[in-house]
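Shared chain: chain A. Partners: chain B in the first complex, chain C in the second.
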Partner chain A sequence: MDRIPILKMGPFLLVTIQVDLYDRLALSLENDLINMVSKTGARGVLIDISAVNIVDSFMGRILGNIASMSRIMDAETVVVGMQPAVAITLVELGLTLQGVHTALNVEKGMDLLYDKSDLLTDEQNNQEDTEEPDDYND
Partner chain B sequence: MNTKQTAQLLKKQKKTILESWMKHQLADEALRDDLISNDDLRRQSEELLNGIITATEKGNFDNVYSSEYDLVNDVLNDISITRARQGFSPREVTMYVLSLKQAIIEVMIKEHKDQPELLFTEIQMTNKLLDNLSILTFETYLKGREEVILRQTDEINEISTPVIRVWDGILALPIIGTLDSQRTQIVMENLLQEIVNTGSNIAILDISGVPAVDSLVAQHLIKTVSATRLMGAECIISGIRAEIAQTIVHLGIDLSSIKTKASLASALQLAFTMLSLEVKKKNTGNIQNSRLIR
Partner chain C sequence: MTKDTMQIVREQDVVPFRNRVRELATKIGMSLVNQTKLITAASELVRNMLKYASGGKITLEVISKTGQSGIRLTFADNGPGIENIPQAMQDGFSTGRSLGLGLPGAKRLVNEFDIKSVVGQGTTVTVTHWKNGR
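Now for the complex of A and B:
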């Protein structure tokens, strides 16, 4: 059976869904992802669905489930790159994914995750490093 | 009783009928000589009369849907559709066919003055035929008018949903006119597509041009906002007038989950704050300089 790879990126987990999700695949993704969160102690999960063209109510519920489960385990969930048609379908189905953060693309999603989990990005870390000497001069 | 005789009578008296018909049409106060010239009118009338004479040749006065009447139907369709587009009133279009009835009956009276029974049946037949034809005309006329309305609706839908990029990362969407399901769908699709194209974070929906908000319209707005949120952008609704605010509260619609602002300006201000942008007046000191020069 296919599996969707889950990548670890620093304190976060990155999932890119490249195929159309059928029910069993979605269930196994949910299972794998939660196990992975617990194993790595990730602070955030980023799900990229920009390649997904078709969703149904089940898929919407799985996304909601993943978000709820992750939050219990202290990890925020961001869904990024949703297609307009997918967004319209989910709204028509009445699934507004409350509790799931959304972003336009992976880049903005990452920023949002850093923001939500109170972690500093590498850039901000660097900035602070460079600023420190100035402080000493004063 | 021979219907073919009647048909022959029509054929024989064609010229008289046409003249009399034209006279009736020209005498009618409702004649629109500004929309159609007399020559055109005569040509159209002759064409139609010829069609009717050919169709009735075999004595068929009853069934206007038979193949013999194809030509008549075509001519009538043509006339009523062009007239619908040119802006003729329903009365004028119907009168066109009904005045033919008068012309034909006049000829029949003249011909069979001394045979009242024959005259009666003939008039009855003519009545039936022309009534059917006028119903046909009116149906086509209405169809023509409906086409005009449909085309206009399409055009309005197309031009009325512009998505404006007001700032880097901020889109504005002024909605003018009533929001129904079909329009919401178009608005939503345009907005979402534009969000993807420009990678904008914030969309401002300005409803100052929406005349009334009922629970259905509010539902549509909430849907649009939810869809935008799913895409990963924020949505602000602006341009809420006092009466709209009143209706929304009276209807018990909950908009608390949506950011709302009274004017587009304040919505833009909020958007700037959300993007951590600042707009400042430029301090050039122009006034002081000009004073110094004087």
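Now for the complex of A and C:
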């Protein structure tokens, strides 16, 4: 059976969905992700859907489930790269993806995850060694 | 004009079906947003068909009206039928454990929506979406 690969990147998990999801594939992703969060103690999950053309109510529910389950396990979820046509369609469909953080692209999504999980990026860590910490964390 | 039918009996039939709809929509020059709306609506309806009626038959047609072309999809199943259609068309109502957005959401996404159902015999949903989305 097909599987969507989950990559570990520092404290976070990264998933890039490159194929059209059918239901069972989406369900196994949900399952695999939660297991990975538990196994690795990841603090965040980043899901890139920039190659996804269709998000229907089922897929939306899966994204919501992943976010809720991860949160219970102390990990935040950010969905990035949504195509404009998909966003327009989701709102008309009536799906607001409550509880799911979103960002425009992977880079902004990573920043958001660092922010949400109160972790410092490498860059900020290096800065802290050399200069006074600014009010970033206030 | 073009008329096609597809049998849907399992989940794996959904992706080829969605691709076929996209192909037709591209052929008549439908914009990306309208394509996405139509395919998302189709995806909701085909899922209902699989979930509640274990599949059915879909007719795909390219139609035209006063110079404008569009796509009409007819989802026909021999499932248990829907007892209370107004209730099924309400946001958030579901007899399964889903969000209850399928039918009302699909209706919002397309230009024309028609549903007929006979309890014990089956349900037929017809949706039409025009090239320019109006």
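Throughout what follows, the second predicted complex is superposed on the first by the 131 of 138 C-alpha atoms of A that agree within 3 Å, B and C clash if a C-alpha of one lies under 4 Å from a C-alpha of the other, contacts with A are read in each partner's own complex, and residues count from 1 in each chain.
To be clear about the criterion, a contact is a pair of C-beta atoms (placed from the backbone, for glycine too) under 8 Å apart; a residue touches a chain by one contact, two chains touch by 3 or more.
Just so it is clear, the model here is predicted, and its values are computed rather than measured.
S.K.: Between chain B (first) and chain C (second), which, if any, makes contact with A:T40: first, second, both or neither?
M.R.: Neither partner.
S.K.: Looking at the overlay, what does A:N65 touch: chain B (first), chain C (second), both, or neither?
M.R.: Touch partners of A:N65: none, neither chain B nor chain C.
S.K.: Mind working out whether A:I88 is in touch with chain B, chain C, both or neither, as first, second, both or neither?
M.R.: It touches chain B and chain C both.
S.K.: Examine A:Y22 and indicate which partner it touches, taking first as chain B and second as chain C; both and neither are also allowed.
M.R.: Once the two structures are laid over each other on A, A:Y22 reaches chain C alone.
S.K.: Please indicate which partner A:G109 is in contact with in the superposed arrangement: first for chain B, second for chain C, both, or neither.
M.R.: Only chain B; A:G109 stays clear of chain C.
S.K.: So which positions on chain A get touched by both chain B and chain C?
M.R.: On chain A, the residues that contact chain B in one structure and chain C in the other are 83-84, 86, 88, 92.
S.K.: Could you please specify the touching residues of chain A with respect to chain B in the complex?
M.R.: Within the complex, chain A touches chain B at residues 79-84, 86-88, 90-92, 96-97, 102-105, 108-109.
S.K.: What part of chain A is in contact with chain C in the complex they form?
M.R.: Answer in residue numbers: 20, 22-24, 53-58, 60-61, 83-86, 88-89, 92-95.
S.K.: Per the contact definition, I'd like the list of chain B residues that touch chain A in the complex.
M.R.: 185, 188-189, 192-193, 195-196, 199-201, 223, 226-233
S.K.: Where on chain C is chain A touching in the complex?
M.R.: 11-12, 14-15, 18-19, 22, 32-33, 35-37, 39-40, 43-44, 47, 91, 98-99, 101-102, 104-106, 108-109
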